[in-house]
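Submitted below is the structure of interest, expressed as structure tokens.
First chain written, first letter: the chains are A, B, C, D, E and F, and each begins at residue 1.
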Amino acid sequence: MAKKLITFGEVMMRLSPPGYEKFSQASSFELVYGGGEANVAISCAYLGMKAAHVTRFPDNALGKAATQFLRKHWLSTEQVIYGDDMIGKYFLEKGAVHRPSEVIYEREGSSFSLITPSMVNWEVVLKDADWFHWTGITPAISEGAAQCCLDAINTANKLGITVSGDINSRSNMWKYGKSMQEVIPELVKNCDVVITSSRGIREMFGLGELDDKFQSLAKQLITLFPNIKKVVKKTRRTISASHHQIQGKLWSGEAYIKSEMLNITHIIDRVGTGDAFAAGLIYGLLHYDDARAIEFASAACALKHTVPGDVNTVSLQNVQSLMDGDTSGAIRR
Amino acid sequence: MAKKLITFGEVMMRLSPPGYEKFSQASSFELVYGGGEANVAISCAYLGMKAAHVTRFPDNALGKAATQFLRKHWLSTEQVIYGDDMIGKYFLEKGAVHRPSEVIYEREGSSFSLITPSMVNWEVVLKDADWFHWTGITPAISEGAAQCCLDAINTANKLGITVSGDINSRSNMWKYGKSMQEVIPELVKNCDVVITSSRGIREMFGLGELDDKFQSLAKQLITLFPNIKKVVKKTRRTISASHHQIQGKLWSGEAYIKSEMLNITHIIDRVGTGDAFAAGLIYGLLHYDDARAIEFASAACALKHTVPGDVNTVSLQNVQSLMDGDTSGAIRR
Amino acid sequence: MAKKLITFGEVMMRLSPPGYEKFSQASSFELVYGGGEANVAISCAYLGMKAAHVTRFPDNALGKAATQFLRKHWLSTEQVIYGDDMIGKYFLEKGAVHRPSEVIYEREGSSFSLITPSMVNWEVVLKDADWFHWTGITPAISEGAAQCCLDAINTANKLGITVSGDINSRSNMWKYGKSMQEVIPELVKNCDVVITSSRGIREMFGLGELDDKFQSLAKQLITLFPNIKKVVKKTRRTISASHHQIQGKLWSGEAYIKSEMLNITHIIDRVGTGDAFAAGLIYGLLHYDDARAIEFASAACALKHTVPGDVNTVSLQNVQSLMDGDTSGAIRR
Amino acid sequence: MAKKLITFGEVMMRLSPPGYEKFSQASSFELVYGGGEANVAISCAYLGMKAAHVTRFPDNALGKAATQFLRKHWLSTEQVIYGDDMIGKYFLEKGAVHRPSEVIYEREGSSFSLITPSMVNWEVVLKDADWFHWTGITPAISEGAAQCCLDAINTANKLGITVSGDINSRSNMWKYGKSMQEVIPELVKNCDVVITSSRGIREMFGLGELDDKFQSLAKQLITLFPNIKKVVKKTRRTISASHHQIQGKLWSGEAYIKSEMLNITHIIDRVGTGDAFAAGLIYGLLHYDDARAIEFASAACALKHTVPGDVNTVSLQNVQSLMDGDTSGAIRR
Amino acid sequence: MAKKLITFGEVMMRLSPPGYEKFSQASSFELVYGGGEANVAISCAYLGMKAAHVTRFPDNALGKAATQFLRKHWLSTEQVIYGDDMIGKYFLEKGAVHRPSEVIYEREGSSFSLITPSMVNWEVVLKDADWFHWTGITPAISEGAAQCCLDAINTANKLGITVSGDINSRSNMWKYGKSMQEVIPELVKNCDVVITSSRGIREMFGLGELDDKFQSLAKQLITLFPNIKKVVKKTRRTISASHHQIQGKLWSGEAYIKSEMLNITHIIDRVGTGDAFAAGLIYGLLHYDDARAIEFASAACALKHTVPGDVNTVSLQNVQSLMDGDTSGAIRR
Amino acid sequence: MAKKLITFGEVMMRLSPPGYEKFSQASSFELVYGGGEANVAISCAYLGMKAAHVTRFPDNALGKAATQFLRKHWLSTEQVIYGDDMIGKYFLEKGAVHRPSEVIYEREGSSFSLITPSMVNWEVVLKDADWFHWTGITPAISEGAAQCCLDAINTANKLGITVSGDINSRSNMWKYGKSMQEVIPELVKNCDVVITSSRGIREMFGLGELDDKFQSLAKQLITLFPNIKKVVKKTRRTISASHHQIQGKLWSGEAYIKSEMLNITHIIDRVGTGDAFAAGLIYGLLHYDDARAIEFASAACALKHTVPGDVNTVSLQNVQSLMDGDTSGAIRR
């Protein structure tokens, strides 16, 4: 029977000029929705898992439309909360070659940022779930969001649900009075799987030296928080805005495993590729051994670069085929 | 030589689903910009006047793009102020027949709402101008915006510039601690031309009885504020979302004049038609007698219903031709 | 608590040239999905009911996409069955004024037409439901579809669920060897609510004379099948492809009630308006008395003419407002 | 066997802003092709006739694309001539209600205007044809075009082919040194069917008085040029840019016949409706008596108002149905 | 004088999501038409040859629209047959990098599949032709299609017309009761030019060993069927869905010739590239020696990868320039 | 304070099929405007300079729309002249890999080509300017345009304004009776900065030998015209239509400086990249030393390849970042 994933976080309206138009040229915006955690849930749903996302939207037609996007992409949305007036937004101008993509956020004062712990009954939400996933963006948004996240992790722990967190060091996001270093460790310490980077481990937990390799830092993190079972990172080499290389690395507490490096030579949409990696990792760890799991995660991540929008809508078969080494992209009839 | 108009107010990003799609159906938004006062300025610019608009946008690519929209539509934008992070927005779902258009505003905390009086030097801005126009929306947005508006009117009075205000009674817009009745009279009393409605006069100034006709109310308003020279109203009969009738009415202090009633049987875009009326009135009063001016205003208003977007981009010739009674819309080669 | 509706029937891919292009001019198709019964379910879901649709799609990405359309529009899709290779389709060229819309069907051999009774467990599907709705199209498609429909009605009867059928006389649809007259009466006799036409009653049940009015025919139908409680019809006057008039009529067994006639002067999309009527009737009978119910049904039907696509996505508030006589379509801010 | 029509004239690239956008708002143009005579040929081809068009295009990819448009719409294009560099163009901004459509022509120096008589072998072109049609626009374009037109008429007369001309009085088009009055009568005198207007007869042939009705003027024209058999006119009442009324009138030399007046309440595209009338008349006179022919022509004309682009792509069945009085535009499945 | 090509086979409606959208994301489909044999004919027509295609479409507006597509792209369509109700279709989701394009066919029961030999008079169709081309897809569709194909080849042989066949081994297409091995050899034995692959020769004719190179297999095929003059293959190296390499190989009975390998680094549309190769080969063999012909074929094939849609619309000059080694794609003004 | 640039030259309407469609496939055109000199002005405006462009447009809605494009992209347009009827045009079909982009010009008889010296008062136009830029295209258009250009240069010299010219050898553009060699030297001799090529120097000034390197030719040019201070060239290596390499070279009279070679692996729009180079050079020479200036010019040029349309709308920050060696195009949030 399909495994069930619960995610929690803000979902933003994404507005982007068509094709490669710049903001100064646009007379329309393409409209999708996205957010790190919901992206993971949707990606897992396309792979065949059951998935539900918990978030908060304004109580108007735009909040409803955002929910409809999640439903269309296979999520359960019974736990969506409605209130206040503004949906978080980001504007994305797509770059190419040497020209960077540009992102402008408008999420201050959004309905999600005004969430409070009493709005979610985690016992109900997490019932029957196999996995709970959160990211480091959520506790950076507001104190209420951070507290909800902590409640979710604690409840998951209580219910014996695996918890993963995808946390990176973005200190400039923290504006509500608490610092990353105050909040994040509390959340991370009871996670089973942590996706992060070397810099992240150093800056968020004060571990290691500048020269320490990821494997060493991962070990230190597990020493600090022994409940953590695996520490994972995705290495990205940005040759240009149109050409990246991706490789997954996993410290299992016992072994250090690297995936094949995948060469994405013609990027369609780079946004959400980290979330596709996280989703691939969750699916992989639930269905394969660690070595296969990290290959699966990397393959899922690589494929997302070719899908427009925030969410990875490729099939299980697509990921498996690439995981098994077929990089040809040969037409399927 | 062309007359010069200065306007002041918020300009919002307008996002609308294509055609008659509802919010629940949209996968893209058409993007234009609009705001009551800028709409008036642009409309006058298309009629051949010089026009500049004073506003405040976020200091990012979206604020620049909004400015570019104003420039494209012939406004001077030297006086645009940049600061803070959010552009006001409204989402418009276009209705038809019995189905209403729906508007969702997101303007709280916008860059414009954070404007303060010291940001504008009205002596510089109004130099060489012939007319200053404001609307009742601006003082409802924030105390800073209200104060800027009052400064503008006072400076215009000092410089001998004609002032018009388009004010309606929207008490639910007033959220910053002052009421409509406290603020509006102070702004209106030194205007030369006031566009309003019977209800507006009753509710904002406490004048008249429920049964009083517009002519009577207009007289009372001039009695209260003798600097006002003309009181004008636009009557709209909404047969359906696709079919309206428009008539202009003007009390000149001496005479009560009504325009022909115009029958707009196939509406393309109803937004901004009031602003087109105000622009037509300004142009008309600057170039014709009162009777022609009110016909001109009504014709401009009627034509706007056939132009997509917030702003009236029809030509002087279009308006004159309709003012002179040619309702045929016969093809021009 | 929200009432729950179950519907059963084919959902087709709808492909239409943009705007008013003819098939000979199209270089793209707009893509939505629709089918009489699912249209009813979606319409009810937008009004606030719970709704699930039972259908069968090909087991490929197109079948999945069709399901996603239903999910996006708030339906539960747990009961969708996948199998075989072809999704039913219809091509729609939109007419105007004297030019008729043209529809080309391609539904022969579709996955739905190959459905067999063993594929649906109606006891499970109908559990907790308040209402089951079917249309006369389903039994015309194939013997399997007809049998499934009969099973559903019987199960609904057994579970005490209200049953409505929307049946019209389309003898040319019946190609699989049985006639309309053989199959339809068996299905109708245990329905609570029947939506049909005078011609339908005469041709499908052999009742009445050519001159008999609807009220008389409705009485005869109830005499024949005493389980039927209400017989309803929607009268449409087609002034042109762009202008229709709609009126609902209901025989309650005791009273003959007519709604206001609604004048739809600028049609956007005429398809699915009968389904919007049926949905309005179901909602109305569940929440109002008969007189209000028929007004509600007519208002829902009228509003659908202004919504692109097959499905009625207007809100409860929209329908109530029109039911209460506000035909102005005045903008809502 | 299908009758064969030959037409001759310029085909222009037509560039129009999408929907109801004005030139000042467009960021793309919709692209079709059109010209009075080719429009007639295409319309007849859709009705089931064989049709070929003679014209001249630049010898580049744009000239080829224009030819492809004619081919797509069922014309034979073997006789298209290629040379010089510029395709004639017109820009069309679509109006509504009181706002006129605006047309900007750019046809000076076009490849067609540089045509010379030796470029066309009319004996070959007109072989096997039943009908030749020209319009008064062609001889206004250039002396070469006028001479080609005269050659075509003379050859048609020699081969016993029926000739029709659709000529209106547009004196401002005549810029190459000859006047309308010098050239047109020579072309008209050997036509069998003339479509024109009262003003046209007065101004081009100096016949009649200002008060003379069309019937009287038509008689005078036949008296002047006894080879003319029928004189026809289309009356258009322009209620607004969105609403026209159309009626056909025909003087057969013996009887004066009027069609029903058709009420086009929601115009989609008004361009080419006169050509649709001419095409309907040609088809009608070839297949019906005069009374039916003028009804057929009016019905074809009315239907064109609902088809985007210059050309009438409705079917024979559509026209016959409207000719027979079905104005309902009821959906065809 | 231009050489004339006749082709025979199914033409399908091709429906694809815009850009790189997946089926799960599409709200519209781009619409073109294509089929292996018609693609060859159109490609040759763009190169300057005369070309006609024989096929069968439903007798409705969609069948007409498909014919119009062929006409637009320069084919003669006098021999198109109309009957039955369904046009074959394929849905194409475009891949990139590691993500494969996905194709879903719906061609079962199409009008073409129901073709019977008596519907085509090959003596008439092939009159004046220089070349007849077929592919291995046609005999796989239905017994009627296979028989028509055989009749065409026999008639072409009788009339001294060169015959080419492009046959690959797709055993899973053969569903009507005969196997590939039963039908194909009969069709191939009287062809002059055969385009195939090593696997094709082994599987369809039971020739050679798994290790045999193409040259050896080609020799064996000619030994088996001495009427065959040339055996040709196109080698494709799929580096990714966005990057292929192409090389042509030809056994002339005497010499084994390879073209340059062409490196297509940014694929726009990979569909129909094999047909572009076949068309290039036909044109090449008609106008050049074998060595130039295979270079021409490869260049045509490479260029098709940059043209959206099924058909190769590049010019003779484009192909010649690339054949002559100019791979720069430098802008042409 | 921002430096001010004045440019002079024709601005054309640019019409291009969407995406990679060929002219034979287009049913719409994307609409922008461009011209070598205006492109430079706009590019400099986006970098933060003040810029005005002098040109001549038809006195109709299309001329106004062209002006609006310039205004939108930050140019001052007070000096635009209106007259005559035709706007110059070019049609652009975008190529890829081995398929060249195709350009068709239609600029003969355009409003700009009919400009005469008395139409521009250069003393007024150039007042307060820091730099005047022209290209070799302008004097090739017409004698009037050439004379205006000469007047501008002379006035700039008189006012002490720096003059740059971007001149290439396109002898086939010169059709009005004077040759390139007669006109260009007179214009170049008083320029401060000349952008050209080795071939340009040889063909336009009769300098050097075929083997002479650019550095040598540049020296000879300065020897001939000692007022010239710097001679600059942009080297482009066209690997394919999708992949170019760019390098700038500058002879300062004293030193020969080359920029880094930039590798543009995924070209979006190649048009206007030379103009982006010129703009970058102007900005660079005004704000940096020669070595930085040529790096800045090359970076600006490289970035333009990723921006759709003729004009370079990247920011100063984008160019500086690439100039400083960040080729990663990493996303900016």
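Keep in mind that, in the parts below, a residue touches a chain if its C-beta (ideal position, glycine included) is under 8 Å from a C-beta of that chain, and two chains touch if they have at least 3 such contacts.
None of these values were measured; they are calculated from a predicted model.
Asker: Quick one: compare the interface residues of chain E with those of chain F and tell me same or different, with half as the dividing line.
Answerer: different
Asker: Between A-C and B-C, name the chain pair that shares the greater number of C-beta pairs in contact.
Answerer: Between the chain pairs A-C and B-C, B-C carries more contacts.
Asker: Average the CA atoms of each chain to get its centre, and name the chain whose centre is farthest from that of chain F.
Answerer: The most remote chain is C.
Asker: With chain centres defined as C-alpha means, what is the inter-centre distance between chain A and chain B in Å?
Answerer: Roughly 45 Å, centre to centre.
Asker: Taking each chain's centre as the mean of its CA atoms, how far is chain B from chain F in angstrom?
Answerer: Those two chain centres are 41 Å apart.
Asker: Could you check chain F for residues that touch two or more other chains and list them?
Answerer: In chain F, the residues touching two or more other chains are 22, 24, 27, 68, 73, 102, 266.
Asker: For chain C, which residues are in contact with chain A within the complex?
Answerer: Counting only chain C, the residues touching chain A are 68-69, 71-74.
Asker: Which bits of chain A are touching chain F when the two form their complex?
Answerer: Per the touch definition, chain A meets chain F at residues 19-22, 24-25, 95-103, 105, 238-243, 266, 270-271.
Asker: Please name which positions on chain E make contact with chain C in the complex.
Answerer: For this pair, the touching residues of chain E are 15, 22-24, 26-32, 60-62, 64-65, 68, 85-86, 91, 93, 102, 104, 106, 108-109.
Asker: Please name which positions on chain A make contact with chain E in the complex.
Answerer: So the residues of chain A in touch with chain E come to 46, 73, 262, 264-268, 299, 302-303, 305-309, 313-314, 318, 321-322, 327-333.
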